[in-house]
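Should a chain be cited, it is by its letter among A, B, C and D, assigned in written order, with residues numbered from 1 in that chain.
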Amino acid sequence: MTCATESVAERLDAPIARYQRVRATTMRLIASLEAEDCVVQSMPDVSPTKWHLAHVTWFFETFVLAEAAAHYRPFDDRFAFLFNSYYNGVGAMHARPERGLITRPTLATVIAYRQYVDDAMHTLLETDLSDAIQFRIELGLQHEQQHQELLLTDIQHVLSVNPIRPAMRDDLVVAPNATAMPMDWQSIDGGIISTGMHPDTPDFCYDNETPAHDTLLNDFAIANRPVTNGEYRDFINDGGYTTPSLWLSDGWATVNEQHWGSPLYWSDDCDQQFTLAGMRDIDWHAPVAYISFYEADAFARWAGARLPIEHEWEHVAANQPVTGNFADDDVWQPVGNDTSWFGNTWEWTASSYGPYPGFKPLDGSLGEYNGKFMCNQMVVRGGSCLSAADHLRATYRSFFYPQSRWQCLGLRLAKDR
Amino acid sequence: MTCATESVAERLDAPIARYQRVRATTMRLIASLEAEDCVVQSMPDVSPTKWHLAHVTWFFETFVLAEAAAHYRPFDDRFAFLFNSYYNGVGAMHARPERGLITRPTLATVIAYRQYVDDAMHTLLETDLSDAIQFRIELGLQHEQQHQELLLTDIQHVLSVNPIRPAMRDDLVVAPNATAMPMDWQSIDGGIISTGMHPDTPDFCYDNETPAHDTLLNDFAIANRPVTNGEYRDFINDGGYTTPSLWLSDGWATVNEQHWGSPLYWSDDCDQQFTLAGMRDIDWHAPVAYISFYEADAFARWAGARLPIEHEWEHVAANQPVTGNFADDDVWQPVGNDTSWFGNTWEWTASSYGPYPGFKPLDGSLGEYNGKFMCNQMVVRGGSCLSAADHLRATYRSFFYPQSRWQCLGLRLAKDR
Amino acid sequence: MTCATESVAERLDAPIARYQRVRATTMRLIASLEAEDCVVQSMPDVSPTKWHLAHVTWFFETFVLAEAAAHYRPFDDRFAFLFNSYYNGVGAMHARPERGLITRPTLATVIAYRQYVDDAMHTLLETDLSDAIQFRIELGLQHEQQHQELLLTDIQHVLSVNPIRPAMRDDLVVAPNATAMPMDWQSIDGGIISTGMHPDTPDFCYDNETPAHDTLLNDFAIANRPVTNGEYRDFINDGGYTTPSLWLSDGWATVNEQHWGSPLYWSDDCDQQFTLAGMRDIDWHAPVAYISFYEADAFARWAGARLPIEHEWEHVAANQPVTGNFADDDVWQPVGNDTSWFGNTWEWTASSYGPYPGFKPLDGSLGEYNGKFMCNQMVVRGGSCLSAADHLRATYRSFFYPQSRWQCLGLRLAKDR
Amino acid sequence: MTCATESVAERLDAPIARYQRVRATTMRLIASLEAEDCVVQSMPDVSPTKWHLAHVTWFFETFVLAEAAAHYRPFDDRFAFLFNSYYNGVGAMHARPERGLITRPTLATVIAYRQYVDDAMHTLLETDLSDAIQFRIELGLQHEQQHQELLLTDIQHVLSVNPIRPAMRDDLVVAPNATAMPMDWQSIDGGIISTGMHPDTPDFCYDNETPAHDTLLNDFAIANRPVTNGEYRDFINDGGYTTPSLWLSDGWATVNEQHWGSPLYWSDDCDQQFTLAGMRDIDWHAPVAYISFYEADAFARWAGARLPIEHEWEHVAANQPVTGNFADDDVWQPVGNDTSWFGNTWEWTASSYGPYPGFKPLDGSLGEYNGKFMCNQMVVRGGSCLSAADHLRATYRSFFYPQSRWQCLGLRLAKDR
């Protein structure tokens, strides 16, 4: 992808500082974890913390240092197999569901690996770098920010399956809201609107956000805030999980197979939810989170509304500031009375994840980053309370399978006008 | 759905004749089967022939006779459970994967059931019927035509898993083609185009084809004919099934888990394929069939092209006559040198199956017919050699999971211009 | 095996008559079935009726006709693959769990196959046969008698999974007993006792009954009749299925995984049970049946007793006449007030199925008949109401996995003295 | 069980010293492990090291301190759920296959838990204890010794599934043998022999070794040493794994499902095997190990011999000194040229694990220790190079499922005379 050449150079005018800041953030996030926490994989979707720390490092080693750093020698040749996630183009890889079986390298060795790569990166960053390499470094940092969020959602799941429900951090304090912000509908006129990013944009973006393209939208309305826990409780109390007519067929099958009756981390009595701060009383005025697409879709149908299509969401969000409740705020759970379109929870859209018209993946193995996942998944938008504050934008597309619940996923209602 | 009221009345000006013709076609299709053939379910996607015969009959009983026929008494009260497919709104149902465990009612009893319902329907059809009931009768007939095709594809799968590979019929004769029709690209201008059906259309259509709506298309090109077995063999010989960069991630996983190396019914040496006429030499100039979306998508990528989006396909097909190789022709396998846009094989599109903007499902339990499947599936277009000739149209949308291969599914290439 | 030479000759003094009688019995048993009934496999343990009919015929074709009949040509070469059960020594075979996927050959063809083999056997039986061939014919007839029982238990399971619960036969009438026979303990002195059959016995026996050998038994007591449905109901009502201390560890796991709370064919309210005569009121004074070893063992522990070891059972049964309620009696379910040690239900023993000291399997592929199953299974003794009357003896050993329940399996209590 | 009262008192004349010695041995064994190693469960049979350390401690807490120590308060109430293995009688327990999902308590906390319980035990051991409590303490120590071995075999499996194959210890040195000890047959006369332990034995034994009882054995011969790796290689090279007639039916199914072609830890080229010292060249003169019962049985059949029945083994071993290659020797893999009947590898017998005549399990929840496993498993005898030297005796019975391979399991041949 040719995008971002000039401005990547610009934002990297202190490239070492930025590199150090992102890498240090990762280590800051895990400061409260024990070595034992960093090993376990609680389900195939989850990766161990240790794996995340090593994988993002392997990314720099493979896609930057091996290309651009003269005489660079890998820290350990075996890590290419262990810490490649899914890039068939650069070699074989360890099976994803078995990541939690790996006790060595230890956490200490992985941290040494990070230091080794950081040293080489610092040396490299002091040299005159091509635009292509600068782009790859930025891609590596954006990649690490994505894994910062995954690392947190994954460790939340790991801790949640422990019957003693340990908190990741005891110092995350959030006061429940006494009142809810009313929900209003914002009316938007349809027409031919442009979404997506031009491949030559000076700002960083992923290939799946390109190219910018026109779409024809009908008039629509969209809610001013996400659906709250309290509203979701009404759905439950109204028989939401036992009324098949509210559900997609695959969703209904999943509800019954998985015995779902509430969001992932809610207690059976719907009083508390498991958070990175341990079991906490549910804040009824905060956005509902940790629900699947199926649940979001069923809720919307129950509410007489629908999920927004991703172009609708982006069309409105393009005019909103990228502010909100992010991982940097050290809250790490959704908060109420927040009018931001970013942070708090990702929002499920009605759009299946596919290529924009004229989409071209990045060249070479980096083309596997996004493009090959364009099937069976649904687009989510807006980031969450576990996303890095400087990582998001209106065009940003993330995506999950419709049955996925372990991410911080919520919804915002839309409807036809 | 309010569509089709006037013209349904018109086309039903000989409603009994039409009813009898469709119902008799079903019985004609299975004439060569033995009772034993009609019991077995070879995988969860497949239903036994006996089940199909009973289910389409139950559809009339439940959605027409129970509503409109005074004093109608069901043939057997237990059939409501056994032969409901997926309509939660009308009651509980037998588990789909267990349909093949039901030996009673026998085929003879099911045929008696058909006769019993036909008698009641004939009586009903002689009365003055409301538009709503006329629509439901037409829906029941269209539904039966869909099951005629499923019945054939299902029995093909049942017979295919028998090591002695019995033919369903020995009298299906088709001569392989000596030469292939050359493939050409047809250039189409983009712009705002209209697809789909108006809900008030006087012709029958399914709710998922509505409403008619505008879409913005880019300029594109589309092939004049589907991909042939010979072209698909080239893909195989070029390492198509062993080159991960050609595949979507989920597709690559499926290829390896299922050990796919050729279309579903091809012999290991890629010389023969299993058909309803038994094992037959592959006609290299006929369209490739019985492939998944993943394979169609990988082939297109290998060919430097892509699959058409469903609006592109419909935009072109709207100008084509609905002629071709259909089930009525008693060939029951794709043939070469056929320029039709209909029949032969369904064609995978790049479009995930979802609601058109403003989509409203039918009221009541019949709303479960199409709408609840709008997730995880891909749209296919054009019908196949196993479709009824009078069942198709340019707006017709069918849909299957991307891993499905047991239907007569092929592809036509498209590309950006 | 050299056993049975003289007396086999003797009992075969009317060998054609015996052959015809056994073969005709098989056909008599299935007279009430429809073709559809004969196709289905309701679980991997179950084989379709059609398969049983063909397999026992293949046994004669393979182990008798192919050896001894000059110029014999198989009915259909493909049947060697389809109808070999587990004899690796004579070639590859169709996968057991897929037997229910085979619609062709039809039942009519299988019956023609039986006639074809019967014709060849009749011709052969009119010639002067070696002892070895005479033994194989007798083995084939005993084998067919075993499959007569399996055929009945298998079709019972097939019909049971149909929600409409069809009866195999409507004419099986049995009056429930008004009173139970009291249970008494019979005291038996221990010591060195001999069990098993001498390999040179003039009577037919299976290799797994040989050789006769001495065993040292302690004094013990054994019940005069099997446990009844009424006694088993007491176990249920006393919390039998919810008290882990009564169960073997693997049994407790199975109870919970399979959600067992009563014998296999009992209705949820423990009022009725599914029989070959359809749903019938439970006869509380008849023996309990269709229970696993785990349930038999737990019942015995609950009752303060234990299961008999197989040598104990045989030591007592050796003095009992081989009379009782057998398949020939056309009752086909256990009856009460029956003092026989044979028929009614098989009785689980405490003995795992293994080789007697000095055991030698039959030579060649027939050695696979019994020997290779001597692991993971438990011995059952005495036959059932679905066994042929002339098929049993005190030394007869059958065997099933401890979790198996679809055979007519019950228990008799024993205890130390 | 009333066994062992006097002599337990005697051997506990320095009871604190013995307690400390066993407990310290456990910690010595794991000294080379990292915290990360101690968390992972590589398959359901395996437990994490951390779990073993806590479970054996919970055993003292539950069965000794809670009974006998006044005012004892558990270290953490939640551990009763987390670290109960399978004692339904003392409460609910965490699911076995999920033991590897527990990151907290950390290893450090578990070590603190051990210290806490040790402190309470030291206090208790200084008081005047009843025979019953003395027996329970001894049982707890024997139990801990069993888990010492399991801990080693489990961590071996955990490390083996890591592609980088880390050694547990680098300092385990063993020189391969240049020559093999010849195999000889030792002839033993049959007759009535006594095996097992009297329940009132003054020495410690498990309940499953009781009661002593007479058995009638035939004359037999038994090998002077176990089968070697070299002999097992001959079996492989002779097609052992591809010859169905050598295998039990369930064994043959397992071989094909699991794709077995050599012992568990052998490299594909049969040159090296994974040990606690990492990948090491196979010593062809050392005993074969890490094989299932199915493999042992097939090897014996190939060799024209059989496995010994457990009474045969015990009858001979009763005259042998309990010496050999044990965990205390810090070799931790089988060695050649060793005539001992103990240590090196456990030896599969032909005997299914069941109760001896008159067997009575321990009273109360401790009765779950051995008795409820008496089904589906096979007896192994003699201990291994990972057993504690003072833990074994001729009457000792251990048991594993016939498909189990992750223990240090080998075989010794026997035959009829």
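Convention: contacts are C-beta pairs under 8 Å (C-beta built on N, C-alpha and C of every residue); 3 or more make two chains touch, one makes a residue touch a chain.
Keep in mind that what you see is a predicted model, and the values were worked out from it rather than measured.
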Inset, instruction - Count the smallest number of chain-to-chain hops linking chain B with chain C, moving only between touching chains. - result: 1
Inset, instruction - Give, as an integer number of Å, the spacing between the C-alpha centres of chain D and chain B. - result: 60
Inset, instruction - Provide the C-alpha centroid distance between chain A and chain B, rounded to the nearest whole angstrom. - result: 38
Legend entry - chain A-chain D separation of Cα centroids, rounded to whole Å: 47
Inset, instruction - Please set out, as single numbers or ranges, the residues of chain D touching at least two other chains. - result: none
Legend entry - Chain-to-chain touches, reported pairwise for every pair that qualifies: A-B, A-D, B-C, C-D
Inset, instruction - Under the touch definition given earlier, write down the residues of chain A that touch chain B in their complex. - result: 86, 88-89, 192, 213-216, 218, 244-245, 247-252, 293-294, 297, 350, 352, 354-355, 357-358, 367-368, 372-376, 402, 416
Legend entry - In the complex with chain D, residue positions of chain A that touch it: 34-40, 42, 50, 78, 81-82, 94, 98, 100-107, 158-159, 161-164, 166
